[in-house]
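You will see chain A twice below: alongside chain B first, and alongside chain C after that.
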Partner chain A sequence: MVLESDIPNFLPWLLDQAWFFVRVVFALFCGSLLFGYLVAAIRNGPAKGLIVTRQVVVTAAVDLLCTSPRRIMALAWLSFKESIGQRLVVAFVLFLLILMFAGWFLDPDSPNPGRLYLSFVLSATNGLVLMLALFLSSFSLPGDIKSRTIYTIVTKPVRRSEIVLGRLLGFTAIGTLLLAATGVLSYVFVVRSLDHTHEIQPSDLSLIEKSGYQPGQKQGQTNYAQKHRHLVTVDGTGNGSTDIQHGHWHEVTRTKSGYELGPPLGVLAARVPIGGRLSFVDREGKQADKGISVGKEWTYRSYIAGSTLATANWQFENLSEKRFSTSEGPPKSLPIALSLSVFRTHKGKIERGVIGSIELRNPDTQLTSRIYTFRVREFVLHEIDIPRRQIDKADPDRAIDIYDDLISDDGRIEVIIRCEEGGQYFGMAQADVYLRSQDASFAVNFFKGYLGIWLQMVIVVALGVMFSTLLSAPVTMMATMASIVMGMFSDYVLELASGPEYGGGPIESLIRLLTQRNMTSPLPPGMMKSMVETGDSAYLFALRVVNFLLPNFSTYSDTDYIVNGFNVPAGLLLQHLLSAAAYLLVVCLIGYLFLKTREVAR
Partner chain B sequence: MSEHRSMIRWMIYMGLIAMLLVPLVWLSQPATIGANGGRGSPGGKLAQMRTEEHLGEANLGKIDPTSETLKLMTFGMRGVAVLFLWNKANRYKKEEDWDGLTATLEQMTLLQPHFVSVWRYQSWNLAFNVAAEFDDYRVRYFYAKKGITFLMDGTVYNQREPRMLWDVGWMMNQKIGRSDERVQFRRLFAVDEEFHDLIDDHIPFGNEVDGPRGKPDNWLVGRQWYLKAEKLYESDERINIGQMADLLFFEQSAKCRINFAEAIEKDGTFGEVAGNTWKKAEDAWREYGRREMPGRAGRKQKHRLGDLELHVAQFKKLRSQIDALQPGLRKKMEQEKLTELNDDVQEAYRTAEKQRSPQQSGLAADAQFQLDRISDKDVAERIEGKNQQQAMDLAVDAMNEVLIINDIEHSHSTVPYQTWLERCQIEQSPHVLAGREHLYLGNQQYERAQFDSDSEQNLGARQQFERGFAAWARAFKEHKSLIEDRPICEDLVTVVAIYRNHVLDRKELPDDFPLLEIIKKYPSEELRLPEKPGDEKKTEKKPVDEKPVKAEDREGEQAAKPASDE
Partner chain C sequence: MASKSRSKRKHSAATKPANPKPAAEPIAAVAAEKTAESEVVIETRNLSKVYRDFWGRQKVQALKSLDLEVRKGEIFGLLGPNGSGKTTTIKLLLGLLFPTSGEALVFGTDASDVAKNERIGYLPEESYLYKFLNAEETLDFYGRLFKMSGVERRRRTAELIDKVGLRWARRRPLKEYSKGMTRRIGLAQALINDPDLILLDEPTTGLDPIGIREMKDMLVALRDQGKTLVMCSHLLADVQDVCDRIAILHQGELKELGRVDTLLQLSGETELRIANLSDEAQQEIKAVIERDGAKLISSKNPTTTLEDLFLEIVRDSEARPGRRAKGKST
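Moving on, here comes the complex of A and B:
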């Protein structure tokens, strides 16, 4: 799985972000206070404006402190009852239709159907739930204001903050119901779609006569099902497993009538990786920040040369035997997962993978393990189990234990990888090698992914409610839709607003289009050029500000983890929750102020 | 406003709407299918035009409900959606997310099913660029296959695009048959029954695509696609192949047979089977040579690549007929032309070729060029009497023959028709077949390090190579033009180098080595032996007898230089 930046630890992140949040809120508070005073001063004069502003601040403080949870729940229940009927059913039916016709859109030949199906259901759910949240939140309050049914509420002893929070909670409840239903349906859909097995007859298996295989081992091909077949290898007892095809494998067991293949394994997983810190040693044996570039556009991975002193070293921390223990007892090996890239400068042996080696080392005592060789397998998860006990290569009479001898007292170990073929290169990024501890539950992980969608939904509801306190229904919908789009493409918008501008900003681009001027020729110098450039700079600045203020929805999406079969870390979930909560706090406050200052009854 | 007026206004509007319906129906009425699927109404003017020009969705290819649904869902912003998908596809490719890339390509083609260049570009992207990213040759094959399959699917949506069919054939040949992994890819293709079934859904094929081992061969399967493309192109004159020349379009189906013949020999099939395969290749190539190709620069006169000798003979015949009408006239005209040239040129022309100096050779060539400009029409115009009209007619025919010959020669410069025809003939020779077989077996023994063995059942590399060289020597004797075939000769020299350097352990080749002439004509670095001690005497150069130049002499030379420059 690609991780272009580290996931920070929760506590340092919290401290850093909390301070940032305080500064932003303080800046917003001061800014809005100043803005409010200016508006009040223009309406009522400077002195009275000050009194009005003080009054608003005091009333707001009282409102917020005296907000009644009971009234909020009552309003939430009201919103829930009003909105649940038709919209929820329509949304659910739409989702069902999408699932039923999913086969039209999904590639049956995909080598990783698990990734495709998971990506599809998560994306479809995400889109549908956000649309529902958009329509629910955009039309409710403006509709009430227009039809004057809002009077039945504002005439009661209800605070504006309770109205905003009540709507937010009510719509969130509806969205949560839909999300839960679609989540269950998606889970069943994915599991059922990927579930399959194969058949193999005893006559399809033949004894293996190649070296490297144990006597009595047989191999053969299964039948062709779900656009693939497997190579089966069984031992003398008739039990064994298949190779990995389309991201999964099957266990094979001997039965009275022949052989039985179990359900697909490894396709729906929630691996718990223990990541390390990557460093490099260059071809001359010196420490380096990163490896070499082989000319690829994407610089996520850097490379080490084969048959040189170059190595890629991962240092893992906080390790212990307990972390790798299973239900069967203490670990018998150290499971290492690799996802390396290969770059060949010459063809070499086409039918054979490039050879690499792994060595383990205690960073304190410098004791090293035996060197284990392997052939690289690209774009698949390659797992190597290093046996726990092995002979010390310096002293053949001595046995060493990974957990006792190679892991230091404070839980550190180094994993050193080399490319062993001259003229070939291995590419790696930090996340490409990790230690694998006990897998988490896929079902739980799947629903953790839905938490990210839920947070996005809540933010959309909050934005919709906020806009609806000030704007009419269609305008609210447009504003919320724009927020969703900007939030989904936040990185792209930021790149657009701050990256190199080929052909200038929007005003300059329009001029170039109308005058048929290409992107590289400069505009004629003069006042017009200065005005255009100033205008574009202002526009792009405004775009950056808006992009900064709006939430980046992609940060809440954990789809990549689910799709690639990795457990969503608890720390990451907490980060999502807290950042969403902080955002909601500010949005609700703004919504309250808008509703407070608005003349509901005209 | 009174109700009465509103009513009148309403009636006027309705009347206008009703009147507008008439031209609207005439223009836009859809075509219908009659009972039992027969012909129904042809529809309005637009529907009729769509049918005539084959522009309707049903005329272009398969109508896919998924594609239509997706297009509707974009609410008219299909272009924006496609732009977004292209960016996404490029990003996935950059970040090596192959599942995302293939899924995005599927979506892209659903939105633009009739955009031929999307299918062509992305299929090539998958088969060549994405496949190359993988280290495992089996995964490379998978993605090469994916690219080919992608394009095959595209042909279903664009059933009037012969270029797409041609591209499928090309990819099947080039990617599987010519890539670095061709040995592995051909082996995988031969046993890939699922892929064969997939291809069979598009182009049903039987045993005609089987290789010598009874399995489908990529060259012959690709040929089926080329034939399908040719058939489509010839079915309707409105169907075009874009910028591609007919010469190249029709070449490949015949060339497949030649490539197949080469490939099976590289796989180790020789003897009668290989000979018959080359025979079929020759027949296919001759058939290509009989195909009419359009003339250059839009000329209507067509020509055939195989008719060069025929037209040259015809031209010579016409010329001799013109000359027979007034014998000696041409020579006389040549003499007259010659006298108009400079004395130097005349003298150079009259000097025997072997006695000409380099300058005279150039002048003589210029003279010949001037003489060649005397056309048959010029000669015919000088013919007197009643024969002149006949001579003019013959001259016109001769000129046409010249134009056709020029067209054929121009086509031959693009497609070396004659070279390949001769090659097909030569390869059928028993000496060549034997030569190839012995060298192939010799190479195999060399790779097993079995250099020397006289046992007939298991001859060593040396024995096989020597038999092969002898067979090739007989082939060169039989076909004199073979020595001009650079690829064959250079391949032989490579084998000789292996024989000399590894089997003979870098000993000198004997003086009676059968392929000595080839080695001399195509020297190779690998055959050059390092200089031994004592060889310096042989290579020692004699010093040039040069008087020492005095300083004052040099000054004189420098002073003289400006004068000579003037």
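Moving on, here comes the complex of A and C:
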């Protein structure tokens, strides 16, 4: 996975969004005031309407100021108590069943089983929790109004805002409970499903007698487990490691009776990437903003030509030895991850990949390391550990240290990448190369993923409660469900509503279908055409408005990070939390106003 | 010897909605004077309610220009056949419905004001309670909606459960309750905040005769504590027994308003109830009546009401279990 867009810095983002929020709230306030006045004026006449509107605003202000946490908690307890029984148990049992049968269908032979298992549990949990939130929130308030139990609530000194907030809290508590239970279960499921080890007998290992290997090094194959085997390399002391298969490797230790392989490593990781700034040097060796275009439509990546002076230079900042230290102490290498694309003008050996090289340079002293070559295969994330002991490019006798010599005093380093084969090109974008600093805890990252799901759940609950203050239970459920579906595919809907409309909007498409007209032939000009186009553009405009109003659930989902083994940045999480809170605030306010202005009795 | 006098009912002049005080007749005027001394708890002015359908078209005019005043310390009955606007009035007073025109004031503030609910208790037509809670949880929950400390809430909960006689079932979820038990816990929740004003919608429905008697006794006891009660009912006997004043509604209009004793008093008729009277004495009394030029409408052994009889039998059998109640079934 690469992060194609930068995560904006928190403070500028906050200021920007806060200003946006203020404008939205102001617009909503004015809009609802006008709408409320119009309704009141139609019902009571213009003068009385004004009085009624004023009264509503004043009582709303009083209600919001006098909202009591004690009563909210009492109502939340009620909602919790109402739903704690059957529904929660049903949802949990459902999840258990899903997990039980999942083992049949999740293939451990996939190239990256960690990703498969994680994406499965996260999406299963996400779906289940959102469904639970949908059902809980849609049926409760309309049920209370229908069974008239609401009478005994609203005749107590309970403000309508407390009813909305109490329900939101109660159902959130239920959802949280389910989420916690499924989270623990999922974690255990994933960890235990992926946990395995292999065996290797001393007789399976043989001495390597090739150049480039140290004396005493042995290699051999492990036994077959979890549908794969590893190549083991051990040094003279008998300790070593395996190669990477299915996204993981094992440590090998010498025991009295033979060799022992540890648990799989690297499969459940939370990488913390450090991104850099990309600049180019063209084939003549001059600075350039971009590389060259190879004529692809997607201009995300630009290319450097092989075997020329062209390089792609990344500058990384704020580095220190500490950021890369591991649990075993100071770092032994600088981990660099690359996912470059390759454009070939001749086929070469597809299997072998294209050779590239890396140089590290201190931007202040211009001290440069000797080149480190690697092979790029398309569509593969290469994780290269460049040993910290390097040799000066200018003076082969001088040993240098990456952390001491190549990282400048203010923590900067340049990574220079070249394509070493003539006629071949490397394509790259800023996010394609990153330094991998010390990994974060996977368990914490997993928890962060659940926090994303939790936010989605709270938003669904709030939407359900908001709709249920006005609509009956089935209609509420439909509305909430529609919001979830549209929110999940928000980007697609936006594209649909604002993209190029081949064949026009729904009305035009229907006419084309009925008249068997193809998508590109223009409609016959006239009254009909303009009516159809006006209707369609009104519809698409409405779709855009609705899409804008509904939450974009995919932005809250951090599943991609977890599944691909990246740490969810704290700033991103904070952004999600804040934007969800702002959204909730508006939704609750609308819910309150709906409930306030309606008669709960019939 | 007990005597009751009955004759034709007198109309008080309160049928005109614009005039809230029925002061045309001397007795009603006295009553009005008496109540005028205490503070007005409920006041409706020109209160009207129209039910509309989804499109805003008028469906029913449930209440037409109602003017009422209920004063502190009385039991006020709203009387009328089904669909006469009793429940609508109560819902308007509670802010469950919004008036189409006119206003409803409770404790001097608008009925839609939430703060007034601190001093109000409401027993709905059927006790709409949460079935998954038990009696203790129910009262505790409603208690938490008021400014009550935990200690006070627990004390009050225990007290009320005892008062409505549900101590034996206090841990059972309400879904297992019979209708009468639900009614009792409903009353308990209405009293959780020790309200000054209690609104009761058909308080005696679903109760057995003992329950009805206990409910009535409780209502009177509450009145005696200085609380104001407003109840609506179509059971005349209940209203007659407990209410100080009543309003009779029909098709959303106020038809009658006044003190119960005044409204039911029948001047010009005399009823004698005498125990152990010999036949000769009966003849003599008839002769006296004839001599006086009065007309004897009927003469018979008076019957007790069914309610009284039932209660007596039950009390008798509770006092002496296993025996038939004496002398009633011969």
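To be clear about the criterion, the second predicted complex is superposed on the first by the 531 of 602 C-alpha atoms of A that agree within 3 Å, B and C clash if a C-alpha of one lies under 4 Å from a C-alpha of the other, contacts with A are read in each partner's own complex, and residues count from 1 in each chain.
Everything below uses one rule, namely that a contact is a pair of C-beta atoms (placed from the backbone, for glycine too) under 8 Å apart; a residue touches a chain by one contact, two chains touch by 3 or more.
Everything quoted here is computed from the prediction, not taken from an experiment.
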| item | value |
| --- | --- |
| Which of chain B and chain C A:R115 touches, first, second, both or neither | first |
| Which of chain B and chain C A:A74 touches, first, second, both or neither | second |
| Chain B versus chain C as contact partner of A:K156, first or second or both or neither | second |
| Partner chain(s) touched by A:R361 [first = chain B, second = chain C, both, neither] | neither |
| Contacts on chain A seen with chain B and repeated with chain C across the two complexes | none |
| Residue ranges of chain B touching chain A (in the complex, touch as defined) | 65-66, 69, 94-100, 102-103, 106-107, 110, 134-137, 139, 142, 146, 149, 180-181, 183-184, 194 |
| Chain A residues touching chain B - in the complex, by the definition given at the top | 2, 104-105, 107, 109-112, 115-116, 119, 224, 227, 297-298, 300, 341-342, 344, 347, 350-351, 353-354, 376-379 |
| Interface residues, chain A side, partner chain C - complex | 59, 63, 70-71, 73-75, 77-78, 81-82, 85, 147-159, 599-601 |
| Residues of chain C defined as touching chain A within the complex | 91, 94-98, 112-115, 117-118, 120, 122, 124, 126-130, 132-133, 137, 141-142, 144-147, 189, 193 |
